[in-house]
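Shared chain: subunit A. Partners: subunit B in the first complex, subunit C in the second.
Our next item is the complex of A and B:
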């Protein structure tokens, strides 16, 4: 009985600690000026947290290695590029279509939807895209899935970059290619003043923090749900899961869809925050960047992924360009370290995998699998004496 | 698996159904591969009345494909033995190009070098590039894959991706972030001979002259030599091979060495043929070559060569007709379709992975 009470107490303590943490993080902007480089980095980090949590569902929970996650970033970003910018400027007789758009956006040509609609659109587009990308991989396993998803990611990246060559109905271009769709609308929520990233970053910070909170909540609930347990079951042993009655097709597709949807939300947010949708960023490297966050934090562990995403994001935006960039010149070498950031991520991945494959903050169940070799192909287990 | 859980038909009917499916997917794949050449062939016939443009595309494709075949051999060898997609293999090839370019400078090979000096110099470059890449590949296996041999299968794949990025950044440090043009030592575009409207350039000749002997050497080696036999045994069943007294670790290292040697040779040919070197060339080349390996049937040496040549032709046609900026999308499209409908490729057998 006392054990149970201790458990409930521990749970309450956990919840209180989480709330306190969120309160602290939410109050943080008041310590910085409204337009601040560090705030900018924080917003990016939080947006990456949303993305990493999405990928964690596919890779961490369901155990399907997705190397083309950048596709969902692209779809999310283009959903704002298409639906909240002057990209389709000649639509509706150059007057544009406006649905609850902000004051300034209402005067512009092109399609302008409210950001809440954009999020819904991004979620829908990415969920469908996730299922479409997932469908061909259903029969495959392991590294073949990785390659097929990678190929899809690259194909979509190609379409983003060369989309300005594809025109449909009266000369609307699919994308703007390397020239970016710009400007996209600022976020404009009901009951709040329109955001403006040129003067005040705080609203964006709070908005993305709210997104993180929402996604975290959904993630925890999903993990403990029937679906979450089905994902873990598939990850641990697909055959056993199927014979226990887990519907493989549905469960896998739902993993791709949910994971993709989170990527889409984050992509739409970043599209609005950057004020443009640039096709050049939708490259394989970005998928690996997000994957590295998960591996660093601990595959399948929600808090681990949050830590991994924040850490890697700050390594990318702060540590490499600001702190470490001095190092090569000090030891007499002449090169720009920011160019090598992906090499550093690669090194980090190899290091983590060889030395601590379970990540910084491992998930309990995964740790067991990695150290005891459960579910390992037994043909290879005994190769090394 | 889904088929098994559904109401199972009697074994005989199931066998015929599987046979029909196999036949369909094999010929379907061949038809699918012929789609582009036949379409553009018909278009050429109706527009110009002859097939010389398509013929040129195909021949250029073959010499281009020779390079992909050499890289694909590395993928297929490694996959055959430890069922790992050696993601860093394309970047090893890139390092091969860089080493060759660097060596030309050291050896003093320039456009003015005479034919004898050129042949000797290129031979030395070829050997050094091959050895460097072989050693690099063995080192990668030791550092990144061997410690993970007992881990879940995705772990080495992830370190392979990590290593690919490390090598790319070595490339950035070496020659900078943008494509670098290298001296056109063999005047690769100079036409040697024209047969029936198809022009054969010096570069084409070189690509085939290096690739054909290497491929023949490699296949003979794997099928005839003692260590080749050990490789095949390990590929079939590592544990049984170990019980038979085969040193599995050495055999695996040796496989990586062979793959690296081929990648090094491909690196030199690529530099001579394309006259550029870029840190990113390995990523695209790696994926194209992997597509080739899958197309031929992964784990199958002849298949890798065949796949390389086919993908070379497809790539050339796409470069010439659809536009070079779309080529990666076309190749990846092929990759996805093959993976989904015929994961065992043209010549391969059904693998567990593709099950």
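Our next item is the complex of A and C:
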């Protein structure tokens, strides 16, 4: 029984440590002014954590390589662009439609739903989109899935950019393209004052931290569930999984839907936080950016992905523009290093693959696959030995 | 590992999960394949095979390499769709059904080359085997209401009982399946198949790579499965000692065709069988 007690103790310790960590992170804004550049970077990083954890369900748990994750960011962002801005300004005789909208938003034309509804809408839209992208990939395996998802991301990106040319009903535009739908509503939660990203970033910080907590909770629960085991089984051996009673189609679609929903939540949040939905950000590079976070942290490892997302996000917002950017001029070269960001990420991934392919904080299973050759052809293992 | 006793108390034992033989369908066989063929391009892998498995019997399919035995297995379990013909299991037409649905109806299998989920523990492997008998969906898995927690505990306990039943020592239950000894991996695979509460268990070369002693043990175990759990067994086997010893009925395939069928003595004496294995004399 001592082993059991040790296990229970370990579990309690883990839970306490996680709570303490969250408390610390939650108290952090009090050490900074309400409007602070660093806090801005933290909010971005946390939003990326939500996305990376979503993608991790598809790629890490179920083993379906998804190169078009940006599509879910777009759907999430447009949920708020459509449903909480003056984009459809002539709707309802220019009166607008308001459902529990904030005080200021209530006076504007267009559709204005409370942010909680926006999240529900983003989840629904992205879950459906996830299933739609899942359908054509069901008959495919490995790299071919990646190609289809890549194309899906590109299609959605093109629609976003050119959406200002697509009109429907009484001349409503699908998107505003590169012009951006702006302004989108600030988050307004029941019992809380309306958020205002122009004066105080703290509410946004706490809100996205709560989202991270929620998504982490869902990830852990799913990992240790009937569904989580089915995902790993499919990743390991589709034929055996199907023969053991795992319905492949349903299980894979659930992975796409859940992963997509997280991307949507984060997208909706960022849409509100940036105060605009600009089509230019929905590019292939962004999918790779999120994927790189997972690879950096450790595919399939929940805490690893958190670390990877935070690390890469800060490399992007702090390290490259603030620290490394002076390097070229010091050695007598004249160029802007931020333009090379993706080159630097690529270099980081190559470095990771060579030095620590299993990621910073590897997941047990994936580590075995990479270091002990489990799950790969014997021939490869023999070459390695 | 150490808390099996505490957990087992109050849990439904394996006996509760045991399926009484479905009665009421008279002398109808548990599984019947009529005129089943599988054609890959121009290759006829299985050609118009008629085949039946009586309830609570142990039936073998034998034949030289490439005779179409595994292809036939794959048709029965839904991995391949039959090109022609019909497969009826327990009164239901399962030809061309999805593999997971066939598993849910009560057909479980093992594979010729062990196909465990390598990076999952033995217990987790067997839990996956229970997938079709579990109910937790996406929301249930996330919110984990008491119903789902109980289901998780029950499947864990049942998985350990199954592993115990196939003879895997308790200390290995939480080891990753890839780290288990070869014989133990075979056992886990059988436990995983049993976990879906099947009526029919298909074993694809279960004694491959085993020494005579282990083969004997497995033969005894197959009889136990039939007698204690009321299972019907179908095996593909190359070890003639096992086949002749355990089977009540043997079907011989060669080049995708059924060339002989009957009890061990009949099949052994059939000149066509001898010819298939040894070639024509004179």
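The definition used in the following text is that the second predicted complex is superposed on the first by the 376 of 385 C-alpha atoms of A that agree within 3 Å, B and C clash if a C-alpha of one lies under 4 Å from a C-alpha of the other, contacts with A are read in each partner's own complex, and residues count from 1 in each chain.
One rule holds in what follows: a residue touches a chain if its C-beta (ideal position, glycine included) is under 8 Å from a C-beta of that chain, and two chains touch if they have at least 3 such contacts.
All values reported here derive from a predicted model rather than from experimental measurement.
> Scan A:347 for contacts with subunit B and subunit C and give back first, second, both or neither.
Touch status of A:347: first partner only.
> Given the touch rule stated above, what does A:230 touch, subunit B (first), subunit C (second), both, or neither?
second
> Is A:239 in contact with subunit B, with subunit C, with both, or with neither (first, second, both, neither)?
A:239 contacts both subunit B and subunit C.
> Give one of first, second, both or neither to describe whether A:248 is in contact with subunit B, with subunit C, with both, or with none.
Touch partners of A:248: subunit B and subunit C.
> With both structures fitted on chain A, tell me whether subunit B or subunit C touches more of subunit A's residues.
Looking at subunit A, the partner in contact with more of its residues is B.
> Output check: A:182 vs subunit B and subunit C. Expected answer is one of first, second, both, neither. What do you get?
neither
> Quick one: is A:364 in contact with subunit B, with subunit C, with both, or with neither? Answer first, second, both or neither.
second
> Once chain A of both complexes is superposed, is A:222 in touch with subunit B (first), subunit C (second), both, or neither?
After superposition on chain A, A:222 lies in contact with subunit C alone.
> After overlaying the two complexes on chain A, where does the subunit B footprint on subunit A coincide with the subunit C footprint?
On subunit A, the overlap between the subunit B and subunit C contacts is residues 239, 242-243, 248, 369, 375.
> Under the touch definition given earlier, write down the residues of subunit B that touch subunit A in their complex.
Contacts found on subunit B: 1-2, 5, 82-85, 143-144, 146-159, 161-166, 168-170, 172-173, 177, 237-239, 242, 248-249, 283, 287, 290, 294, 323, 325-326, 328-329, 332-333, 335-336, 339-340, 343, 353-355.
> In their shared complex, at which residues does subunit A touch subunit B?
The contact residues of subunit A facing subunit B are 63, 65, 67, 136, 139-144, 146-148, 150-152, 154-155, 158-159, 161-162, 165, 238-239, 242-243, 248-249, 284-285, 288, 291-292, 295, 335, 339-340, 342-350, 353-354, 357, 369-370, 373, 375-377, 379-385.
> Per the contact definition, I'd like the list of subunit C residues that touch subunit A in the complex.
1-3, 77-79, 98-101, 103-104, 108-109, 111, 115-120, 124, 127-129, 131-134, 136-138, 141-144, 148, 151-152, 155, 176, 178, 192-193, 196
> Inside the complex, what are the residues of subunit A that reach subunit C?
Contacts found on subunit A: 1-4, 217-218, 221-222, 225-230, 232-233, 236-237, 239-248, 254, 258, 364-366, 368-369, 372, 374-375.
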